[in-house]
Amino acid sequence: MDIVTRAINWFGDPAQWSGVDGIPNRVQEHLFYSGLSLLIAALIALPLGLFVGHTGRGAFLAVNSAGAARALPTVGLVGLTVVVFGIGLTPTLLPLVALAIPAILVNTYAGVQQVDKQLRDAAHGMGMKGRQVLFQVELPVALPLIILGLRTAAVQIVSTATIAAYVGLGGLGRYIFDGLARREYEVMVGGAVLSVLLALGTEALFVGVQRLIVSPGLRQRAPVR
Amino acid sequence: MTWDWRWSWIPDHYDLLGELLLQHLYLAVVPVVLGLLIALPLGIVCVRVRRLYAPVLALTSVFYALPSLALFVVLIDYTGFTGWTVIIPLTIYTLSVLVRNVVDGLRSVPEHVSQAATAMGFGGVRRLLQVDLPIAVPVVIAGLRVATVSNISLVSVGSLIGISGLGQLFVDGIQRSFITPIIVGIVLTVALAVLADAVLVGLQWLLTPWTRAGRSTEPVTADPAGAATAGVA
Amino acid sequence: GGDDSSGDDPLNSSGGGNEVVVGSANFPENVLLGEIYAQALEAKDIKVKRQLNIGAREVIYSQIEKGSLTVLPEYNGALLAYLDKAATATTSEEVDAALKQKLPSGLELLNPAEAEDKDSVAVTKETAAKYKLKTLDDLKPVAKDLVIGGPPEFKTRAQGIVGLKEKYGVEFKEFKSLDVAGPITVSALKKGDVQAANLFTTDPAVAENDFVALEDTKGLFSAQNVTPLVNKEGVNDTAKEALNGVSAKLDTATLAELVKKVVSDKQDVDAVAKEWLTTAGLS
Amino acid sequence: MKPFTTGGSAEYRVITFESVTKRFPDGTVAVDDLSLEIPAGKITVLVGPSGCGKTTTLRMINRMIDPTSGTITVDGQNVLDVDPPTLRRRIGYVIQQGGLLPHRTIVDNVATVPFLLGHDKKKARSDAMALLERVGLPAAFAKRYPHQLSGGQQQRVGVARALAADPPVMLMDEPFSAVDPVVRKGLQDEFLRLQTELHKTIVLVTHDIDEAVKLGDLVCVMEVGGRIGQFDTPERLLAAPSDAFVEEFLGADRGVRRLSFVGSDGLDLDTARVVTSGTSANTWRLLVDAAGRPEGWLAPGSSDGPQPAGRVFTVGRDSLRAALDSSVLNPSGDAIGVDSDGKVLGLAGHDQITGALRARTHEPSAEPATEPSGGSSGGSSTEPSAARSQPSPAGAGE
Amino acid sequence: MKPFTTGGSAEYRVITFESVTKRFPDGTVAVDDLSLEIPAGKITVLVGPSGCGKTTTLRMINRMIDPTSGTITVDGQNVLDVDPPTLRRRIGYVIQQGGLLPHRTIVDNVATVPFLLGHDKKKARSDAMALLERVGLPAAFAKRYPHQLSGGQQQRVGVARALAADPPVMLMDEPFSAVDPVVRKGLQDEFLRLQTELHKTIVLVTHDIDEAVKLGDLVCVMEVGGRIGQFDTPERLLAAPSDAFVEEFLGADRGVRRLSFVGSDGLDLDTARVVTSGTSANTWRLLVDAAGRPEGWLAPGSSDGPQPAGRVFTVGRDSLRAALDSSVLNPSGDAIGVDSDGKVLGLAGHDQITGALRARTHEPSAEPATEPSGGSSGGSSTEPSAARSQPSPAGAGE
């Protein structure tokens, strides 16, 4: 009970709402690391996934290496990059990007690859060229899965971006690490709550994006995980 | 730069690496087993009582979003330096993944199959054990694979509070700016995950003989769903 | 899981109540000390479980209170500062006396070693030259332009930001949470992310990087003798003797030398510990 | 409500519906006050437009759905008094998509109910193998899994499975509609052949009137809302639809299709024009070989070689419809009647055929649906399956 | 190899195959040395058992598959000389499940090819709306998505889409087989009606011989291995199958089905027995009301009230088959011929009908497959779609 009250008080303290260590700044930092990582990961994984799905080339390699990449331990990657590059953005972004790529890649690939053969056939039969098939048929039809992949990746990034604090950067992890080190549990709990909220917000955001950009004609088809 | 690579470190630490590997495996696998044991009944209940699924799903996705470090730290006050501190959060993550797959798996039983099973006189429990669950196996195992691999990666986070297998190599390496243990740790973690995944694939192979039988060359007729749903245009 | 970690818990590998659990904080020197304690105890045929590299004192301390840990390598000044934020004692004797009063009844501090590892505020050679810094007093006029880094707890404890302000009137522009005098702090200082940092006097990185540890003229950082902290119920007299034996032989130079072996030469803590115990005749 | 029945013959009614109503929770009344008696050992077909309550009716028999009110009995026992699994194991059930268990081999699928009943596994499997053979599947399929079979083969397995516990009653819900027309026809023929051996009490649902007429000993045409439009033999249904809805539902070509139910054995065959050697004459004559098989037609007034003979019909086995087909396909306009060995028995001219039509087909229409089903003359209605055992007797377009 | 053709008439051959062979990389020879000429403005149906190479043949036309050897021309141009996308935009293509783009609305689906061709969007959409109406879909469907439509409706959209760029040629691969028989029939009728307006060159693949006979102006029966069994009009196919394979494939009832291709307008109608008031007589007479519509039959020698009249046929529009049906369904054995308003024109007795049969149906069989398709007498084959535009004229069982 006590910890809950303390956490609520912590949230209520005006000091928490301004300055470098204030919630707005930390949230902003967190979103910055997360957004940047997601952007980089998407720039790598989306074209790759589309290519592999469209051509079928390298599918085995892509899917399996993505599977193995899921197992990359974030802490290890952070450590490695910290030791090699020193502190800074790189050790934060690299593990997060590595974390996000598999989900985006695999879902994009699967989305495109699962497009009904008949549909692809019909598209060719109407005289669409390769690119037109990709961008007018495969991509829009795969969109629910692609967005699901981005969403999974984004949520993972947001809840993992706390590690930025481990390498001396900001973000919500700061509260967790500092609260832990200083035995200020209300700070830690506050940080955890904020990062859960952020993750849920991210999820909601992607659900919203999906609503917005996925054709209503595809809603019926439940996306596969 | 103060970091450097030392090959000799590896053979010097075979014993340690073996021990850490086992510990890591243990910390990753126990949550998978526990998660499955909880997710199965939970998933079954969610399929039966449809109203329950949405709240359960919401709850598990909140759990899934919890930063693991925060959970570890909160738990350490209660569970100390026992494996539970790592196992409980990972069980929760496993659960978040598996409940969905159990439900999807059970729902993947085609309507006509469950109808036919009921009509042949399968009672509730028998139908579950002999029809629904076996058919759900591929989807459930798909979830187990995801959970196992991500657990293996997550166990390392425990090293930040002193409980973990291979994660200790990372902490040690970071503290001493020593990349050899870090890289060895990463390689072993990935290798462990690939191996565990292969075991699960093998398990699926054993449990689902029907999925591996190749399709016969005989033509299969047009999608029956079309005929069934068409009705009067 | 229950709220204690007694032996019937299948996931708790500690065999039984007679086992000594040695813990340590998460920085190499402390891990090394933990290992030295552990081996010294084992030399006396005491069963030991190692639970090294856990985290900040703030985490570990509660565990030894509960008995999850039974032996910890501590630093008397820091421990006092932790137990009593208002503590003013600085010399070894004052600190030990004050500690006796503050320490909960279940815990006991054994003999302090001569070896000291004090906190310090370090700057790079360049920064020192630029601002003509030698002592902490010199920081006062320039601190408002500087960012200081250190472990998160440095910000809130007396022997940290708080004391710097009170004793020296030094206020930094910003505090950055880093690690416990580890590579991150070193890297941050080197790269200029912070201009001053909390480092340990034994840290070989100070010498390696030509950092300048500013002199603590007003005795802000208390004596930091390495001292075994034990949970009374967890250790018997043989064990206490063994641990006191270590304290008797350990001095600052030796400690610095040992830490260098681990951190700079990448030797394993157990090997370094074993070697020293052998030379010291404690194994 | 007085139960619909096909008349007074003392057939054993194995399944009865008494004022059965089914109202779904959402308010849909799928079946409304239905009374029906289904005879033993016959194929009773429920047919009607989509959504008329056929499936609901069928599924109330094995308690997949429980009626809102009314009583259903099987073998004289109220189904509500029997524990559903027990009831269901006594009733075979075949559905459209087959409903095979995808994770079991074909033979284990067939043996499902015996396994459930705790029968000896080995025995159950060997019985299943025998059943597979019976439905025309090679033994090599036994170890395969359902997805390795074509739709039609899966349907056969479904039938074999329903037969495995040797249930007296079989329920079949659109069993043949998921396969293409060619395969469907094969399955239907196979099914009829099987029934002549097994004499199960079968209730079959379809929305295809041709299938109903082809398969049913009795056909129950249902209207939307689960009311019975007409419950009768296919022959009488075609002859005398009881109302506009039924007539509309029976569709075009009702007349020609009726001929399928009239046996060809009453035809007066002309043997005078069947010759073994050809000379010119002024009528069409059929040249036969030494074994009595048709060689060709000799055109009147022409001394050219014989023109090829068209289709023949087997006297007694084939229906009048086949005879009509034969007459259209032979240049003389005569139908060639042969015996089961293919030996020509004689020619049926147009007059014979149309005469037979007139004689046979107009009787029932005068008194619709009150006479016992076996009452009218001719062999067709007392032995309906005889006229059906040929490959494609009923609907021309099937 | 000399191309198969239906005869010497100077029709413009819009699609030609010359010694076309397709061997797949795995060695399967799907089409073997095929030569074929497909006439403009007609529906040509490729029919044959599963795996005989129908789809492969069809898809070589729009280069979804390229032949291993041989030449295919469309409009005189070798298809291999045309860039595939360009070629395909000129050729409509309809496949089984419709292949609609699930993420586009119905109207945008229909406008896909115009969009691809860079046509004005607004114009393309309004054209698409018009097409939707043309295929019988209400405008309200335009904004829906494919999954909101039934299978049959989706098929209509598929057809509309193929028509959108107004291509002279349409390829259709089993377009109606994914829907149930009732819907299928509706789609087929709709399709025939459309073709009478559009006169496209259509190549349609099916494995259902009834569909082939119903839809095709010309039917090409293929044997496994992509060889042609027979390429002919449906009527002549039914009359004179060129070999045992084709005959077997055509199935039973070939004779009666042929009658669908014979018009009823040549029948000699008996008006003497059509009366407006009833007195006893010794023949069956038909009582009509003031408007000339049938009221009932007066039985010979009976003074009871009139018996109900059975089915009628529309003279000219209906085929001989409908007339036969009518004769079977009327108690006198006479068919009642009416005009398009339902006014009785006269009675056709058995003798008339069978006479007409004999007169019409035996001509083609003497000279198989050499005569031009339009050559035989009677209106049915020169205006085939006239006899087809009624709801269910062709196969009885459809």
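For reference, chains read A, B, C, D and E in written order, and residue numbers begin at 1 within each chain.
Note that in this section a residue touches a chain if its C-beta (ideal position, glycine included) is under 8 Å from a C-beta of that chain, and two chains touch if they have at least 3 such contacts.
Not measured: the values here are computed from a predicted model.
Counting steps between touching chains, the shortest path from chain B to chain D takes 1.
Closest chain to the protein centre (all Cα atoms averaged), using per-chain Cα means: B. If you compare A-C with A-E, the chain pair joined by more contacting C-beta pairs is A-E. On a Cα centroid basis, the chain most remote from chain E in this structure is C. Using mean Cα coordinates as chain centres, the one most removed from chain A is D.
In this assembly, the C-alpha centroid of chain C lies 93 Å from the C-alpha centroid of chain D. Inter-chain spacing, taken between the CA centroids of chain A and chain E, is 56 Å.
One inter-chain figure worth recording: chain A and chain D are separated by 61 Å, centre to centre, where each centre is the mean of the chain's CA atoms.
Mean C-alpha positions place chain A and chain B at a centre distance of 19 Å. In chain C, the residues that touch at least two other chains are 55, 59, 62, 183-184. Counting partner chains per residue, chain B shows two or more touched chains at residues 73, 159-160, 171, 174, 177-178, 219, 222, 227, 231-232. Residue positions of chain A with contacts to 2 or more other chains are 82-83, 166, 177, 180. Considering their complex, residues 67-68, 70-80, 82-84, 155, 158-160, 162-163, 166, 172-173, 176-177, 180, 185, 188-189, 191-192, 195-196, 199-200, 203, 225 of chain A touch chain B. Within the complex formed with chain B, the residues of chain C that make contact are 1-5, 9, 11-12, 21, 26-28, 31, 51-55, 59, 62-63, 66, 68-69, 182-184, 205, 208, 262-264, 266, 268. Only residues 2, 4, 6, 9, 12-13, 30, 73, 75-85, 87-88, 159-162, 168, 171-172, 174-178, 180 of chain B touch chain C when the two sit together in their complex. Residues 55-56, 58-59, 62, 149, 151-153, 155-156, 174, 176-179, 183-185, 187-188, 190-191, 193 of chain C are the ones touching chain A in the complex. Residues 177, 180-182, 207-208, 210, 251-259, 307, 310-311, 321-322, 324-329, 331-333, 350-351, 354, 357-358, 361-362, 365-366, 391-398 of chain D are the ones touching chain E in the complex.
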